[in-house]
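Okay, got some structures for you below.
Across the two complexes that follow, subunit A remains constant while its partner is subunit B and subsequently subunit C.
For the complex of A and B:
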């Protein structure tokens, strides 16, 4: 298990993305799944950066691990901010005409579509979002 | 270097997207697209041959183009790789964006 913890601010966005990229680029995921995984991760960390804390700020913690049998990638994103389950947000209606599109909620919707599993729990004053993606050997 | 450039010719705006459109540069893209409002455009053509990544922040800029630039603007996505194309399908953006391999002026 590898871990990074940083202040949840936009200036740390690239560092957090790089932390994930460096660990997953050689993981056996194909190019398409890698891109999708990064999208899902971006949506989750940007949610924390933008909404978890008020002016005082606070940390974001990311854990990455590879699990066996079956081989899968485990990503956990934790914050100590206000209790918030992003998965409860209603999915946007992706079938309405463009003119009526409400553009909120799209990121979480994509995350749920992309990952094999996304779960939320509130524990010890933390929001903990766990994402799992299976890795099929090519 | 910017990850996008916009070139207007007549009623067509060509928006070239390069590498990544994510949370760091999508707001700037949306700002530039705003400048196209009121120019009586008919088409906004996103050239995506060299686009490798687009998150929901980028998609928001694209739906903005459709909603705000003009009532009857047709949005195109040209030359996108399969994985980018799939992001458009996953989000239903393929219902209002014309996705093509190439674009003829």
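For the complex of A and C:
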């Protein structure tokens, strides 16, 4: 398992995205699924950067691993911020006309649709979001 | 993460905005500002060319909806061309394919606006 821990600030966004990209590029996921994975990951880390901490700030920790039988990618995002389960946010109504659409909540909705599994737990004062994506050999 | 945005004026008062590279939360404001700038100039017939797009997160999708709302409020529209298979999947997840007019290329997109002119006569 590989891990990165940094202050949860916008300046570290690119480093966090690169950390994931470098690990999943050779994972066997096709280009389409890699992009979807990046979208899901971006939503989760932005959520932590923007909402986990107040002015004092705090760390964000990302863990990436590859699991076997069946082959799948494991991503965990942890923070020590206020207790918050982003998965509880109501899904946006994607059927209303575009002119009436509220874009809020779209990112988490996309994450739930993209990943095979997204779960949240509060443990030891941490918000822990775990994402699993199956890898199909092509 | 690089983002390139180039706009070009075409006939029928249509402006084509070619978006290339990656649209993330970090740079999506540049894209939004471009759309706002064009709307301020009275350009409400916008075509977004996604041929060079490698990646777009929900931040970019938000900009597209923002532009669509602005354009339609002034009897214009924001239409999309060169949607790749991978972006099409994102659009299907979000049901954006139902909201945006997606056309295969610039020629078709420009023609689609002239057809709107005729139907509004």
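In the analysis below, the second predicted complex is superposed on the first by the 138 of 138 C-alpha atoms of A that agree within 3 Å, B and C clash if a C-alpha of one lies under 4 Å from a C-alpha of the other, contacts with A are read in each partner's own complex, and residues count from 1 in each chain.
Convention: contacts are C-beta pairs under 8 Å (C-beta built on N, C-alpha and C of every residue); 3 or more make two chains touch, one makes a residue touch a chain.
Predicted, not measured: the structure shown is a model, and the values here were computed from it.
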Exercise. When the two structures are superposed on subunit A, do subunit B and subunit C clash or fit side by side?
Worked result: clash
For this session: May I ask you to decide whether A:132 touches subunit B, subunit C, both, or neither, giving the answer as first, second, both or neither?
Result: neither
For this session: In the overlay, answer first, second, both or neither for which of subunit B and subunit C A:113 touches.
Result: both
For this session: Considering only the touch criterion stated at the top, classify A:61 as touching first (subunit B), second (subunit C), both, or neither.
Result: neither
For this session: Mind working out whether A:38 is in touch with subunit B, subunit C, both or neither, as first, second, both or neither?
Result: both
For this session: Enumerate the residues of subunit A that count as touching subunit B in its complex and touching subunit C in the other.
Result: 10, 13-14, 31-32, 35-36, 38-39, 42-43, 46, 94-95, 97-99, 101, 103, 106-107, 109-110, 113-114
Seminar exercise, completed: Counting only contacts in the complex, subunit C reaches subunit A at residues 1, 24-26, 54-59, 61-62, 65-66, 68-69, 72-73, 85-86, 89-90, 93-96, 98-100
Exercise. What part of subunit B is in contact with subunit A in the complex they form?
Worked result: 22-24, 52-57, 59-60, 63-64, 66-67, 75, 82-83, 86-87, 90-92, 95-96
Problem set entry | subunit A - residues contacting subunit B, complex | 10, 13-14, 31-32, 35-36, 38-39, 42-43, 46, 94-95, 97-99, 101, 103, 106-107, 109-110, 113-114
Seminar exercise, completed: Touching subunit C in the complex, subunit A uses residues 10, 13-14, 17, 31-32, 35-36, 38-39, 42-43, 46, 94-95, 97-99, 101, 103, 106-107, 109-110, 113-114
